[in-house]
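Note that subunit A is present in both complexes that follow, paired respectively with subunit B and with subunit C.
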Partner chain A sequence: MTTLTTPPPSKERAAPPGGKRPSRLRLPARLRRVSLPYLLLLPALLLELVVHLIPMGVGIVMSFKELTQFFIRDWGAAPWTGLDNYKLSVDFDAPVGEALLHSFFVTVAFTVLSVGLCWLIGTAAAVFMQEHFRGRGLLRAVFLIPYALPVYAAVITWSFMFQRDTGLINHVVHDQLGLTDSRPFWLIGDNSFVALLTVSVWKGWPFAFLIVMAGLQNIPKEQYEAAAIDGAGMWQQVRRITLPSLRPVNQVLVLVLFLWTFNDFNTPYVLFGKSAPEAADLISIHIYQSSFVTWNFGTGSAMSVLLLLFLLLVTAVYLLVTSRGRKTADV
Partner chain B sequence: MAAPRSFLWSRRIFLTLLAGFVLLPVYVMVSSSLKPLQDVSGSFRWMPSGFTVRPYFDIWKTVPLADYFMNSLIVAGAATVCSVVIAVFAAYAVSRYRFRGKRVFTVTVLSTQMFPGILFLLPLFLIYVNVGNATGIALFGSRAGLILTYLTFSLPFSIWMLIGYFDSVPRELDEAALVDGCGPLRALFRVVVPAAIPGIVAVAVYAFMTAWGEVLFASVMTNETTRTLAVGLQGYATQNDVYWNQVMAASLVVSIPVVAGFLLLQRYLVAGLTAGAVK
Partner chain C sequence: MRRLRALAALATVTALSGATLTACGGGTNTGGEGSNASPKTLTYWASNQGPNIAADKKILAPELKKFEEQTGIKVELEVVPWSDLLNRILAATTSGQGPDVLNIGNTWSSSLQATGALLPWDAKNFKAIGGKDRFVDAALGSTGTEGKDPAAVPLYSLSYALYYNKAMFKEAGISKPPATWDELVTAGKKLSKGGKWALGAEGSNLVNNIHQAFALGKQHGADFFDAQGKPTFTSDGAVSAVKQYVDFMAKDKIIAPGNAEYAQNQSLRDFAQGKTAMVLWQAAATTFEAQGMKPDEWGVAPVPVASGKPGAERQVNSMVAGINLAVFKNTDNLDGARKFVKFMTSDAEQARLNKAYGSIPPVTAAQKDAAFDRADTAVLRDTLRKSAAPLPQVPNESQFETSVGTAIKKLFADAAAGRPVTAESVRSELSKAQQQMPKS
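This part shows the complex of A and B:
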């Protein structure tokens, strides 16, 4: 494969300016060739630096400071507190740490269930829609609606459906089916976890569906034909060919779904507002509340850094395990 | 290959239930937006007692929805254009050149995907406030600040998708253009970009959807005049009386641009996701 780092020099130099205005800045051709990729990357690099990397550094610095509302105008003046913010965050016997730990467990449970269900539904839908049938195109468009709808519009609609007195859910559960004695609350109390999970799965599964469908297109038809000749039924083909072939796709998909769900802020924020009920107190909302509602940015930053460390650890372990699995599978 | 009955029946049942699950909120949104207020203030009814389009006129008066709409359009539009242009340059560099630090760049850009938004929010908030105090450039609360923030959200994913797309454009094409005397930039815009239009459209759709749907930064970094739809829509719901029919009408109205755009361009987006995901 040829690369453009060293194009034939004769041709490069022979390229005439073609009567155009000579460019204002004429660097030697060699230098221009070397610097060109960096120039092309420069805007992207600068932006990443300004909006992601520098704030991350600032966030780490902030986590070592006592940054309350008095220091927002001049955060550099906030006093250093060393590891106090971290100690406060992980002191699980005190209220702050206890709440954080609780929120962490809620988030883990929520993420595992949501990712699992999204993956399951998305995969099943993709496998069932692998073959052509009447209405397949229309159904596919319908299935993409949750992905296309803006989060807040979709979640507001769900919050309307979950209203105790005016919502569809209680109308069906209580009025029509008579499953409960009274109208349950969905957006406060323990049920809020179920409500949040439902919305999250509704919104998230189409992404899994899309990616798995893409993965299915890469499985050669001959494999199915060969299996059919050997007498494998439809279900067996799904189990023996489809699912194993999807493994590399699934490894990326599950990781991406995990990170998105774990960090999800929009869904709980629109569903519950600035402070979520205890049963559905996801970590991003929890940190938001610790920072912007009680105005302690230092503690909020320490919690963010801890969250990032946790995600880094999980991702590293996941990548290690899956890549090892892949290697042994290849042998 | 004939599918067995069990497979066909499972498929029928599963897909029907799933379609019902997906469409339920859509039905609620559409039907409730056409109901009179007394219908949405009492117990839910599948069939409205009356039919009215009043909510669609009232939504513009209850909150300044048109202003929010304009803000969202400007912010999402500008973020999309900038992020696509920047991603095209970056992806071209990664796809066509070998250079020092290439791996570091791609890994760094991709790993920003995994960082929790809340991690940037606090520092960015403080940085914008401090930059404003020091230089008088209003980033906090301004559209510019939001555009700057949003365009980096879609950037990593856009670069990743475009690298895949550009890789699939045969190198011989732009090499020929270079040999014919084009500069690298002309080769990019004359040859590579036209050949990768589906990928670029996909990236643009994705960037627009990301910006149009973002809530966290919009809720912290906007003020009265720069509020976007993501925040503004909550205006109907925080009053004592919740005008649910108006909330639903407004939700539908703000969804139409993205859903229409998405359904029109979904072929490209799906193809783009595929190129990125299954390389």
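This part shows the complex of A and C:
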């Protein structure tokens, strides 16, 4: 990578004043100025190419192949199948497509609820933490614990708590509070969606809290003071000052949360293992199962490409819609 | 400016969702056999056999030391947990960067053979380890697709048995362990009361589900695959077998509903704590002892069959369970790997290792050791000899484990939630499983 950095400017300076330098080294100042940022970006771009774009290209190629255990050792030799893998994935009348569509809807519902709750809880906590009170620092640190814990350890602890017969959740919900007639299952059946959502929100909201809190720091105090003088109450201040000022922050926050949640693999995998219950069959784990558990790597790749296209579309629409209102401010 | 930011965001999405795509990227490697480029070392992936990884290391380390003293070859040992093993092998297969020698589950033999990454055990290779006829036939039946050179060599053999709690049986007035399923259900109804249950199950453990369904399938005349290797999951026999197993919870109510979410051997814990009276398991003795149960507190009997007399064909009452030893084709120490396999399958090591793990040696001569005449090991040994059958040796076996295992997991979840389990619902789940199988 070192060879790709810009030529050291010191060399030019070292040239004797007025001395004749080889003309090929002399770039017009304007060109140099324009190209410098790109040269500086080059190492990162190359890394991006090697780490993301090339493997992604490989994945796209794979999606057009019949890639099973017979060919994984030399996947280049796998026979081409054209669009077969895609057809299989989107044939919603057959089990493979039907299951993919189902997991897609589960993922959409899960993502909308999880992102919404993360944002709501994170924002409420951040607004609340603006006030000065005793123990604020401690509380703020406590809030960040879920964010700081290793995901695997945290989720596995949740899975223990969700055990039907020995878990803490049923101990509280059923034994102590008597909210249910019998001990519900959390890790199999329909409740698994609730379990997954709970862990996801628990894991995700501190990030929203952190980002919103940072955003709040940037709102000048004077605005609130002025509003207070004009007679605006707490709720009006939140609605008229806080939320509009947080808009650029929220725009990025929601997008990032959306992408993370939509693609979340660790939480369902640690919670449910290789085969998630139908109610909590997130698309990431579904694709994993298609590729790595049933060894249908071609179909798995096709599903990944479809997921990628969907996420690109959503992101593009999202950016278009959210940035429309800000056009005038930006230009 | 705005466009650039959008572009950056799009790039981020691409990168994030690329993760799923990139995960299966792999290199290519040549198909030739390995070399002897580094004759002084071997890497060995052992599957986790004992109660934990530390126990495995303790059992294996002195043996590997012995091998080093005999041959001067140093073996680097890594014990891999079961849950990771297949993925690790797949990764090693695609990258070509794997161990020299490794343990594989014997049911995966044919699937892994299809990748072409494992050294075929032809006549020459078998000769190097003392010949094929040293091994028990049933164990050799789980080393690869029929008609091809085996992809692995049997190392530890296991079979299923019925473990029962003597005191609970006595208390319920049951004099002997059930030999037929009818007897098991009748006894089960006597035992399932007062918060205690008759039979343990691991409803969320896909592999265990498959093992139970396979043995019951044999008893119903179903194989799950036809002679051409095509799946036949929805045959009447297969449906009846799966339904019979799930019905122990759904209809007979002799399995606790909570077992539907078990996947971490919790049913063994329940058994050791006297909460369930029976489990169908492979060599569970060491686990029960580790959990504080005394050997005379439980009995071991053959898994029931409809006729009461285990044997061949419809009297099959267990799959041939076990671990095989395989060599990666592209090893840098081919001769050393063969020497190591020879060492591990030698009579003396076979007796020693299988004794330590509570399994049965797949090497005939080693079975003569008195240790395998103990009541529990004798049942396992006789089952292997007379009434066990290998799981279908087809390339899609590992997919079968997942798809049908998942179907049974769903049916157990239905049973636990009180939803009806009918022949139709069983057939429908099995049909979905079958359609998810790769076409090849």
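Points to keep in mind about this one:
Just so it is clear, the second predicted complex is superposed on the first by the 283 of 331 C-alpha atoms of A that agree within 3 Å, B and C clash if a C-alpha of one lies under 4 Å from a C-alpha of the other, contacts with A are read in each partner's own complex, and residues count from 1 in each chain.
Here is the rule we go by: contacts are C-beta pairs under 8 Å (C-beta built on N, C-alpha and C of every residue); 3 or more make two chains touch, one makes a residue touch a chain.
None of the values given here were measured: they were computed from a predicted structure.
In the superposition on chain A, contact is made by A:A99 with subunit C only, not with subunit B. In the superposition on chain A, no contact is made by A:R134 with either subunit B or subunit C.
Shared-chain residue A:K221: touches no atom of subunit B or subunit C. Once the two complexes are overlaid on the shared chain, A:P150 sits against subunit B while remaining clear of subunit C.
Contact with subunit C, but none with subunit B, is seen for A:T294 once the two complexes are overlaid on the shared chain. Look at A:D74: by the touch rule set out above, it reaches both subunit B and subunit C. Residue by residue along subunit A, subunit B and subunit C are tallied for touches, and B comes out ahead. In the superposition on chain A, A:I188 makes contact with subunit C only, while subunit B stays out of contact range.
Legend: residue contacts after superposition of the two complexes on their common chain; A:P43 is shown touching subunit B, with no touch to subunit C. Of the two partner chains, both subunit B and subunit C are touched by A:L311.
Residues 48, 52-53, 55-56, 58-59, 62, 72-75, 163, 165, 259, 263, 265, 284, 287-288, 291-292, 297, 300-301, 304-305, 307-308, 311-312, 315 of subunit A touch subunit B in one complex and subunit C in the other.
Of all residues in subunit A, those touching subunit C in their complex are 48, 52-53, 55-56, 58-60, 62, 66, 68-70, 72-76, 94-96, 99, 163-165, 183, 185, 187-190, 255, 259-260, 263, 265, 273-275, 277-278, 284, 287-289, 291-297, 299-301, 304-305, 307-308, 311-312, 315-316, 319-320, 323, 327, 330-331. By the touch criterion stated above, subunit A contacts subunit B in their complex at residues 1-5, 7, 11-12, 15-16, 18, 34, 36-38, 40-41, 43-45, 47-48, 50-56, 58-59, 62, 72-75, 121, 124-125, 128-129, 131, 133, 139, 141-154, 156-161, 163, 165-168, 170-171, 175, 202, 210-211, 213-215, 217-218, 224-225, 228, 233-235, 249, 252-253, 256, 259, 262-263, 265-266, 269-270, 284, 287-288, 291-292, 297, 300-301, 304-305, 307-308, 311-312, 315. Those residues of subunit C lying in contact with subunit A across their complex are 1-2, 5-6, 9-26, 28-29, 31, 83, 87, 90, 93-94, 96, 111-112, 114-117, 203-204, 206, 258, 260-261, 263, 395, 398-399, 402-403, 405-406, 409-410, 412-413, 416-417, 431-432, 435-438, 440. Across the complex, subunit B meets subunit A through its residues 1, 3-4, 6-7, 10-11, 14-15, 18-19, 21-26, 28-29, 32, 40-45, 86-87, 89-90, 92-94, 96-99, 102, 105, 108-109, 112-124, 126-127, 129-130, 133, 148-149, 151-152, 155-156, 159, 171, 175, 178-179, 181, 184, 209, 212-216, 219-220, 229-230, 233-234, 237, 244, 247-248, 251-252, 254-255, 258-259, 262-263, 266, 270, 273-274, 277-278.
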